[in-house]
Amino acid sequence: MSNTFGNIFCLTTFGESHGIAIGGVIDGCPAGITVDTSFVQQELNRRRPGQSAIVTPRQEADEVEFLSGIFEGKTTGTPIGFIIRNSDQHSSDYENLRTTYRPSHADYTYQTKYGIRDYRGGGRSSARETAVRIVGGAIAKLALQSLNVQITAFTSQIGHIRLTEPYQAYDFSLIETNPVRCPDPNAAEQMENLIRDVRKTGDTIGGIITCVARNVPTGWGEPIYNKLHAALGNAMLSINAVKGFDYGNGFEGVSLRGSESNDEFVMREGEVVTMTNHSGGIQGGISNGQDIYFRTVFKPVATLLQNQHTINSLGEETIIKARGRHDPCVLPRAVPIVEAMTAMTLFDFYLLAKASSPM
Amino acid sequence: MSNTFGNIFCLTTFGESHGIAIGGVIDGCPAGITVDTSFVQQELNRRRPGQSAIVTPRQEADEVEFLSGIFEGKTTGTPIGFIIRNSDQHSSDYENLRTTYRPSHADYTYQTKYGIRDYRGGGRSSARETAVRIVGGAIAKLALQSLNVQITAFTSQIGHIRLTEPYQAYDFSLIETNPVRCPDPNAAEQMENLIRDVRKTGDTIGGIITCVARNVPTGWGEPIYNKLHAALGNAMLSINAVKGFDYGNGFEGVSLRGSESNDEFVMREGEVVTMTNHSGGIQGGISNGQDIYFRTVFKPVATLLQNQHTINSLGEETIIKARGRHDPCVLPRAVPIVEAMTAMTLFDFYLLAKASSPM
Amino acid sequence: MSNTFGNIFCLTTFGESHGIAIGGVIDGCPAGITVDTSFVQQELNRRRPGQSAIVTPRQEADEVEFLSGIFEGKTTGTPIGFIIRNSDQHSSDYENLRTTYRPSHADYTYQTKYGIRDYRGGGRSSARETAVRIVGGAIAKLALQSLNVQITAFTSQIGHIRLTEPYQAYDFSLIETNPVRCPDPNAAEQMENLIRDVRKTGDTIGGIITCVARNVPTGWGEPIYNKLHAALGNAMLSINAVKGFDYGNGFEGVSLRGSESNDEFVMREGEVVTMTNHSGGIQGGISNGQDIYFRTVFKPVATLLQNQHTINSLGEETIIKARGRHDPCVLPRAVPIVEAMTAMTLFDFYLLAKASSPM
Amino acid sequence: MSNTFGNIFCLTTFGESHGIAIGGVIDGCPAGITVDTSFVQQELNRRRPGQSAIVTPRQEADEVEFLSGIFEGKTTGTPIGFIIRNSDQHSSDYENLRTTYRPSHADYTYQTKYGIRDYRGGGRSSARETAVRIVGGAIAKLALQSLNVQITAFTSQIGHIRLTEPYQAYDFSLIETNPVRCPDPNAAEQMENLIRDVRKTGDTIGGIITCVARNVPTGWGEPIYNKLHAALGNAMLSINAVKGFDYGNGFEGVSLRGSESNDEFVMREGEVVTMTNHSGGIQGGISNGQDIYFRTVFKPVATLLQNQHTINSLGEETIIKARGRHDPCVLPRAVPIVEAMTAMTLFDFYLLAKASSPM
């Protein structure tokens, strides 16, 4: 079940970049959720190529067609099948990939493992698969909205340009006002310029996305091997180009003493809160009612419009240079993917918590 | 199945810190593996309390008793059940925890989620559970040895003291020569001194463990939702006190351009290799034959021999100060745990790769 | 994951009887299997409505559209997504089902469980879903063919008319020569006549399908909770209208002594065989190299063209009489479904056996 | 995970017949269930050897030792680990089994599949493993009691002696008054005599156990591939010596017309009921509020105190005759096992229904 994500709320995905369609099945979605299909499409549009000047100019409509599981506007508890047709394929751009392996792509490993691959546009290993996740995430978001849980992701670093304040310092309503999806307009402009500069040289750049989940109640997460933060880490690391994950003060808290890092409890207006939140809202793998926040680091896009050394399927050394239309930086389009994976993870834990509630 | 780790080779664990015993069941272990029980015990000894002056002075024999699944020295393909009796419990040290929640521990979240908890020594949330993982990891290591796969973890940072060279610069045979398990003797001494200093103040400290897996063949890992690096990240994040994970150049490569970060392919003595290895031996979620390496960051131990603010089960603010015998720093004892989780993860992918091999 | 079948080779299905499409995703199918799409379609045609005078006259093209996972005629190891469009829907035949529950159908239980249902044509609970299984089964059959495993199902009883000889007495090449799919032409004629008679009164009838799997090698099956016969039973009981399952001499051997029922071992031309095969080719949940055979009993179709007492969603007693086009007997169309479920089950165990083979 | 039973409430078992201990881990059990350990032991006693003159005279104390997951008399939501020590082993009775395969036992298939086996007393394939299921079932029964669900199994047939009335005709309080566990005292006496007669000749005999579950509310069961009756069938077929399963009127209803077999709905005192219950309380894989009932057929015990032809590991034909102490008929001891598996299955569906309840 390597193409399935989740325990109770499960998304199974299929599809190659240049095949007929990509799609998915959501199993375990409870009945009774009102599905606003325009919201689902709006989420897809946030990930869609061609949405701004700093992403790939490919034009994919990315229109989702729901095939089952929704009746008279509501989920029915039966599996939700859906497809997204592939349309704007320039497969000829990829003919050279039939026998040549792109550096830091999955061409070589897929070919070696499976003995065959759909090489066009990266096939199954293409980030095009993440469009399917957006649909699953949109359904999960709709369900979480009724539970008042809010999930917000944003670009916090591109190359060396980074936000320097804690997330609380920023106005999240500004995130969608710029193409990099950064809540700090000044930083956003610098990031955008950096992406443009990098692209001019045929090069690419990576960065960090921060995600915050608010109003998650205490008790979501299933120790020992399904801890909330481990599931979030697993979700993030499943996204193409992700190289690392941390939550709370993570790697940045490595030099602190326990007395500096611990989150002491106090009562505030009758509620249990922590004075600090270095734990990122999670203790022992279970949410503690504070904000959940975490970081995900993305490597630079591996596809370069520059010459690179590589080998081909005959074991001969050769030179490769990408053709076609590519993203110089994935982060702007990855923000909604991070949110989608977070939404599915959290909603799954909500359902697990129902199943594991005390008698 | 929140207490089970793995897909084919599965470890299910049970047990509380101060209960009668902890233990586990390994299901899906192939028949025919020779089990050197002295090796298993030796691995347990690397994690055992009381092994050096910089860890907790608790004395637990941590002797494993195998109950099934091994016959005449070999695994039989049936489940391997085993227990480790708890012996040196000072439960009275924990009587105050019945109603008071330790900051940055799981007391509050467990109590809220389950409505009941074995508070003694942290109960199920205690890192004592990791002794069971060592047993599963030892069996996996024995199996991987026959496949020539080598796994080595070491302490690469304690507080602000860190190794500055790539892992290749160090002699791994020195790791077990010092109590912090660091391959650089000078750094090890500084780390050890830092831990001693921190302990004197009743405080604690965290750090980073690096792990390297060598000779993993190309083809281990199952995209999309069971990528090798995501499974490793999930495994690491399941360990108590872990706050983050990255692989390859991870967070440290965030400022690089694609042209600096990509790993170009070349032929060396008839084998496909990469000129660099920023990918950490994994591309598209599948091993590529190069070294796999990753980092895991541990927070400082949450148990302090200092006063801290907290609340109790009645919602009253109070002060807590730990009694008993505690680790000032978990990393020395966590090194074998990182190896064990890595071994189980890799062996599981070996078995998955067998199941998914082309017809 | 209630809509997924299998452990390694997994079919996830979606779709309602009168929705846009039904479909599925096959995950875990090994790369390198040549997919003869005409064979897949031919299998679908064996289940298709309208194929003979004794089944429903509905006309569904039941054409499968593969969307992914197959490249240049071969499986690639990535998920195989596919859909079958619904075409010949007379949803108006079902308008009365919006609020009225058909006896011995799932209308009442779905409505009570989910609070909502697509009532048209039975929605998700319709046997239309089994068309998706045919596709999964066809892929599994193609894979099993390369392993020389042969699966044959046939109608062995309709109402009180039954085959009286062991399966070895019949010529399986005759099965597809008559519309009931029975290898005994005389019995087939009687069965066909019985079905016609029953239909004239607006009534329905059930029966038994026998299935035989030949050339399954010793060693498929995973005790304790994934025994080969338990998995086959689970597979059969998942088919609409099935009420029971037995294997080997099953219920019919209940009066035998152990000395009459045991299968003694002998050597025949250097091979281990059993003198009898009351065990149905399975001992301890693992295939033993002899023929695997089992029976599946189907109840009469619940949809009657007769008045029946029932209730509606307001809790009022009422009378219902089906409209539309229905099968008087499901067995002729269920024969390929039994084969498909058997094929998927066996191929899954082949893959599991690879994963669990001794080191 | 072939040694795990269940989806949410999961029992993983381990242990061989003549090993140190058998045992299990229950994961996913909700917190807050009061565990009456004397009830658990009483259930074990119902399965224990030596309890009457018609079962094996082996003496196993079968005392369960709980190791975790229960605190101050209640479940805590953490895994419940437990062991049962093996005590009365006459392993020397089995020395001849090292190389000789017992007919209709799993010796040959285990040896061929795994290349090694603990041959003593049947090792892992022994029905001794079912003692572990009794413990899991007892916990599930305690949980179901608080939901008012009652599960009762009884022997309804031994050889050719069978109960001829529907289960409603019998007084279940008489079941435990005779050693065969049959609610009809006259039939019970005949069954007991038959078992004694069969034993005198060194032979064995099988039969049928009927099980009834009352007060299961509407809505338990998860279509399509986790239907309530399919899960029950799978559970029953996992029990040693079981050859078949049916529910409702099952195989016995094969000759009925739809008009005879359908269960029409009526209102009774404001509740929806069915006039008949040929469906066995399940429609579309979901409980409908009526009694759930089903049958499980057991073959005669394969171990005979008679000479049988067989082969050995060298492929030589030979004669085998069992030594030791064996059951002439498993049904009396299997009644509590059927109940235990039913209890675990139903409680699991209760938890699944919580997870899948409408938003």
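List of remarks:
Read from first to last, the chains carry the letters A, B, C and D; within each, the first residue is number 1.
The rule is short, and it goes like this: a residue touches a chain if its C-beta (ideal position, glycine included) is under 8 Å from a C-beta of that chain, and two chains touch if they have at least 3 such contacts.
Being a predicted model, the structure only gives us computed values, none of them experimental.
Counting only chains that touch, the fewest steps needed to get from subunit A to subunit D is 1. Summary of the copy comparison: rotating subunit B onto subunit C for the best CA superposition needs 180 degrees, to the nearest 5.
Taking the mean of C-alpha positions as each chain's centre, the chain lying farthest from the centre of subunit B is C. Set against one another, B-D and C-D show the most C-beta pairs in contact at C-D. Between subunit B and subunit C the centroid-to-centroid distance comes to 46 Å (mean Cα coordinates, whole Å).
For this pair, subunit B with subunit D, the centres built from the Cα atoms lie 39 Å apart.
Here the CA centre of subunit C is 26 Å from the CA centre of subunit D. Chain contacts: subunit C has residues 1-4, 13, 28, 31-32, 77, 113-116, 124, 352, 356, 358 touching two or more partner chains. Residues 1-5, 13, 101, 103-106, 108-110, 112-116, 124-125, 129, 157, 159-160, 198, 203-208, 218-219, 221-227, 229-231, 233-234, 237-238, 243-251, 253-267, 270, 272, 274-275, 278-280, 283-288, 297, 299-304, 306, 308-311, 315-317, 352-353, 356, 358 of subunit C are the ones that touch subunit D when the two sit in their complex.
Against subunit A, in their complex, subunit C makes its touches with residues 1-4, 10, 12-16, 19-25, 27-28, 31-32, 65-69, 71-72, 74, 76-81, 83, 113-118, 123-124. Of all residues in subunit D, only 8, 28, 30-33, 77, 143, 146, 351-352, 354-359 touch subunit A in the complex they form.
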